[in-house]
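Please read the structure below before turning to the comments.
Going by the order they are written in, the chains are A, B and C; count residues from 1 in each one.
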Amino acid sequence: MKKSLLWMMVLVLCISMVAAFSLYGCKKEVVEEVEEEVAEVVEEVEEEVVEEVEEAQPITIDYWENFIGDSEAQKWAIEQIMAKYPNLTLNSVNYITTDMEMKLQTALPSGTGPDIVYVGVQPSILGRYANADLAYPLTEGVEKYGWDKKVFQWAQSLCTYKGELYGLGHEFEVLGLFYNKKIFKELDLKVPETLEDLEAVMDKIKKNSDYDPIFYGCGEGAPNAIHMYNALAYAYVPVSKVMNTTADGDGSYLEPEWKEALQVLERWEKAGYFNSDALDWAWEGHWGSFTRGECAMLAQGSWLFKTLSDSAAENPDVLDLGWTAFPVPEGKPFQAYTGVGSGWWLTNNLKDDPVKREIAFEFLDLLISDEAIAKWVAEDQIFPAVLIPPEVQLNELQIAAFEVAERAGKDGGGAAPICWYNSAEETDAWVKGFQGLLLGETDIDTIIANVEAALKKAQEEWEE
Amino acid sequence: MIRRFCATLISRTSVYVFVIFMSFIAIAPIMIMWMASLKTSAELYINPLGLPRYWKFENFILAWNKSHLSVYALNSIKVTIPTLVLVLVCASLAGYALAIFRFKGQIIILSLFLLGLMVPSISIITPLYYTMVDMGLHDTSLGLILVETAAALPLSIYLMRSSFLDIPRELRESVLVDGGNDFDVFTRVMLPLARPAVMSVTVLSFLQVWNGYLFPLILINTNELQTMPLALSFLMGRYQTDIVLVIAGTTLISFPTILIYIILQRQFIEGIAEGALK
Amino acid sequence: MKKQIHLIAQFHNIRQNIDTGFRDPVSIRRKITRRSVMYILTFFLFLLPAFGIYGTFTLFPLVRLFILSFQDWDGISRYPKWIWLENYKSVFQSQDFWLALRHNLWWVLLALIPVVLGLALAIVLHQSKPRGRNIYRTIIFLPYTLAIVVVALMFQWMYQSKTGQLNTLLRLIGLESLTHNWLGDPNTALTSLAMAGAWGGYGFCMVLFLAGLSNIDPLLYDAAQVDGAGPWQKFLHITLPGLANTLNIVILIVFIYTMRVFDFVFITTQGGPIDSTQVLATIIYRETFKYYNVGYGSALSVITLLITLLASLIYITLRERGPK
């Protein structure tokens, strides 16, 4: 009798605890909904009180970013805004992108987390949060600061969801081809102007030397492989098709040009133009082989200007850095990937706090102000997606990048980073495809079928 | 006679060879990492195995400063010590209860406690975060302490219970008959006898909390409250272009554990050994 | 331990063997039943702190996880949809689940290597007593004290095919043919990771076995020696049975931690190349945090939990009912 009583009481204890907490949790949700309705009414009254309140109370803004390297321009902007508002503390925290995405997914839906975020602005990230009403539209800032005239049009459309601008694109980037001038001089090579030239150059390097013609990184996440395919796809697929083969578009990977680009990649693999340890390299340090002078070329973009320039400065007798446009096949119109790497967006945590919102908008404007631009370009070697004021000096590589962008122009410059844009499933399908192709475990048609399936899924989900 | 001598010699030698080889394997990667953190980035690729040419000790200083390691280290201490105390108190009390008060349904409670070990932490991190938010404990040190305690409890309770099971019942009964209550039994009799188990729980929980990555990552949003393994993540993110810095950071982060381990190695090993086996 | 018990018994001034006859049995029973309320209350009070914390921060999220597994939710929109057993059906029908399960089980098999190594080392250190055995013991346990993040990163650098230390070493000693793309080849990636895990674990196993060995009565060995038993027989009939309890614990711990391995794979290969290192936990991560498929991830978590729990319970029952 004693023992079964004990047992029953234990059971009751368990169940009551569980019940208590679940009830507590449910109650909170109901209360929150009521609070929201009240808050909307109160907001209009608050607007008038904003000015006076701004000075008095201490304000904290949380800002999460995933910059690589000490970004001087960002530091400057933070100092400026904190100097202007003495009662403001802007906490900036740096997370790597995978950690950031995990944290955003747990923090934002529960109303906690950051107020300003710097991470991707594509449909698979910003698009999702915008659709779920967890991102705050930038309309007020656009009106106050005139961003719609300052930011590139295509950058704006990249970040527009549900008819409003949600993100400020940043890290304007151009994909091209790095090459080692020293190796080129040594083997008497000319900078390739067409894709056929490029193949000839790679062939010559392979036959006449020990250098790897071009680097290929296909490890975890296969980022370099994705860039390589990006370059090839932009060389073969018309930009209008590229911009339509997205989650919010209705294009398809079954179009023949996508396959053509893959076939070129396969051809280069079979010809042995790539390095032998491709599967070892994820993103970090994959340019090492290039900076050590072991391979002659690297298909990468302006985001590596600073890193590679620094390396070249440290080892001038091994690497003489050159960068050129990634060539397109003879006779095809010139196209290139020009896009934005990431961008700033505001979260819904600012919804009920007009004071913080004002300051957040001002902070964003500071980040793309003329002084900031000077710092972005000179010290961080990053371009904001705005017109660079003429007094800012550009170095040789940066001028080359802008020339490529201009050459690609309105009709030939695409702003969707292929493989990374639509959904994580599609990216994984591409990565598996690139790795499988290298290992000989899959073929092009299977790859196309898989990515097409992932794309269709993303497009369907977008409709909902 | 001589054959015997040779046989013994061979067996003794092979013993030494085996043990030395396994020790070498244990320490070689760690030494490689230490050597690597003293090299320059370029040298790392040219000379992976050898001694560093330039002995760049400033890598450590750079890694320390850039990752604000001092703040993180302090936070690790601030989180680990209360967790240890909490785990010890809760686990010994619960272990005692489960060892002494036997009844048929006990296996259910034991299984409930083991459930926490059966699922990867990544699974419960989202519901856990929402629970923390509901209770207002997200982004607080207290919240992290409580969560780490809960994560360390299953194994600790199991160990304490096993240890208490071995103590003869007569001791308890004698105290009770003498007019004491169970709490007296607990403090005066059981706890002193279970000292090895207490040490082992301390050691295992310390390692688990100090080295924990996922819970601090998701539950803490403020940089000032973050613990040491996250400093490594920060280095990997911000300074990934300078791999040697990351390696130096990795070395720095493993220093405290290695240091504490070397100082307390006797307790460490004996704690786990004696406590785990009952 | 025996000495302490003796002292405490003296302190309480009773004899070692309680003679139930020297006190009135009825009064004892009355004393104990009068305390039945106190009995239950004490039990709860003792259990409460642990159960309170554990219940709130582990059991309750598990309950929420269980509920989530019946829903279709992307983790960020407001209202999840109830789809009942659809998630479970998808899990069992997906190829990735079975692939990951196979990988976990293969890893469990490989995890027996550190167990065996630990056992061998413990026996060697215990019985042959080489000089400086404490130093060896200390060094061998060292890898276990490092954080998993640190170990994973270390091995990722060491396994690189061109510049990693392992291949460099092989080339140095002339075994160039053995160099391999350890983490990049789908055939070797999982085993390489498991070996890295073994490196961290064999010291831990050794220490546990050392203690178990010290509990075996050395007289048994002497008796066997007199009977003319050789070392192998001594091992089979004295050492192994004496270590039965320890073996139980070690295998259980190794099994449970291998089924829930995550950090190792996540930091190094993230499940690749071409899904050759996917384990259950990385699939859960991928579905929940990359594909925003929280319901599916939760169902997979519940299934993982059930598999691990069932296997552990079966193992415990079998061992407890088995030959003593």
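Note that a contact is a pair of C-beta atoms (placed from the backbone, for glycine too) under 8 Å apart; a residue touches a chain by one contact, two chains touch by 3 or more.
Here the structure is a predicted model, which means the values were calculated and not measured.
Trainee: Among the chains, which one keeps its Cα centre farthest from the Cα centre of chain C?
Mentor: Result for the farthest chain: A.
Trainee: Counting contact pairs per chain pair, which pair wins?
Mentor: So the chains sharing the most C-beta contacts are B-C.
Trainee: Provide the C-alpha centroid distance between chain B and chain C, rounded to the nearest whole angstrom.
Mentor: Comparing mean C-alpha positions, chain C is 14 Å from chain B.
Trainee: Return the distance between the CA-based centres of chain A and chain B, expressed in whole Å.
Mentor: From the centre of chain A to the centre of chain B is 37 Å.
Trainee: Which whole number of Å gives the spacing of the CA centres of chain A and chain C?
Mentor: 39
Trainee: Going through chain C residue by residue, note those that touch at least 2 other chains and give them in order.
Mentor: 39, 43, 47, 51, 56, 59-60, 64, 75, 164, 288
Trainee: Could you list which residues of chain B touch at least two other chains?
Mentor: Those would be 45, 101, 109, 112, 126, 130-131, 233.
Trainee: Show the residues in chain A shared as contacts by 2 or more other chains, in ascending order.
Mentor: Residues 6, 10, 14, 21, 102, 105 of chain A each touch two or more of the other chains.
Trainee: Quick one: in the complex, what on chain C touches chain B?
Mentor: Touch list, chain C to chain B: 1, 4-5, 8-9, 12, 14, 16, 18, 23, 28, 31, 38-39, 42-43, 46-47, 49-51, 53-54, 56-62, 64-65, 68, 75, 117, 120-121, 124-125, 128, 130, 133, 136-150, 153-155, 157-158, 163-165, 168-169, 172, 199, 202-204, 207-208, 210-212, 214-215, 245-246, 249, 253, 256, 259-263, 280-281, 284-285, 288, 294, 297-298, 301, 304-305, 308-309, 312-313.
Trainee: Give every residue of chain A touching chain B within the complex, in rising order.
Mentor: 3-4, 6-7, 10-11, 14, 21, 24-25, 28, 62, 66-70, 91, 93-96, 99, 102-103, 105-107, 110-114, 283-285, 288, 292, 307, 314-315
Trainee: Touching chain A in the complex: which residues of chain C?
Mentor: Residues 36, 39-40, 43-44, 47, 51-52, 55-56, 59-60, 63-64, 74-78, 160-162, 164, 181, 183-186, 268-270, 272-275, 286, 288-292 of chain C touch chain A in their complex.
Trainee: State the interface residues of chain B toward chain A in the complex, per the touch definition above.
Mentor: Touching chain A: residues 42, 45, 101, 103-105, 108-109, 112, 125-126, 129-131, 133-134, 138-139, 217-218, 221-223, 233-234, 236-241, 243 of chain B.
Trainee: Quick check on the complex: what are the chain A residues that touch chain C?
Mentor: It comes out as residues 2, 5-6, 9-10, 13-14, 17-18, 21-22, 101-102, 105, 108-109, 128-129, 131-134, 218-221, 276-280, 423-425, 428, 431-432, 435-436, 439, 441-442.
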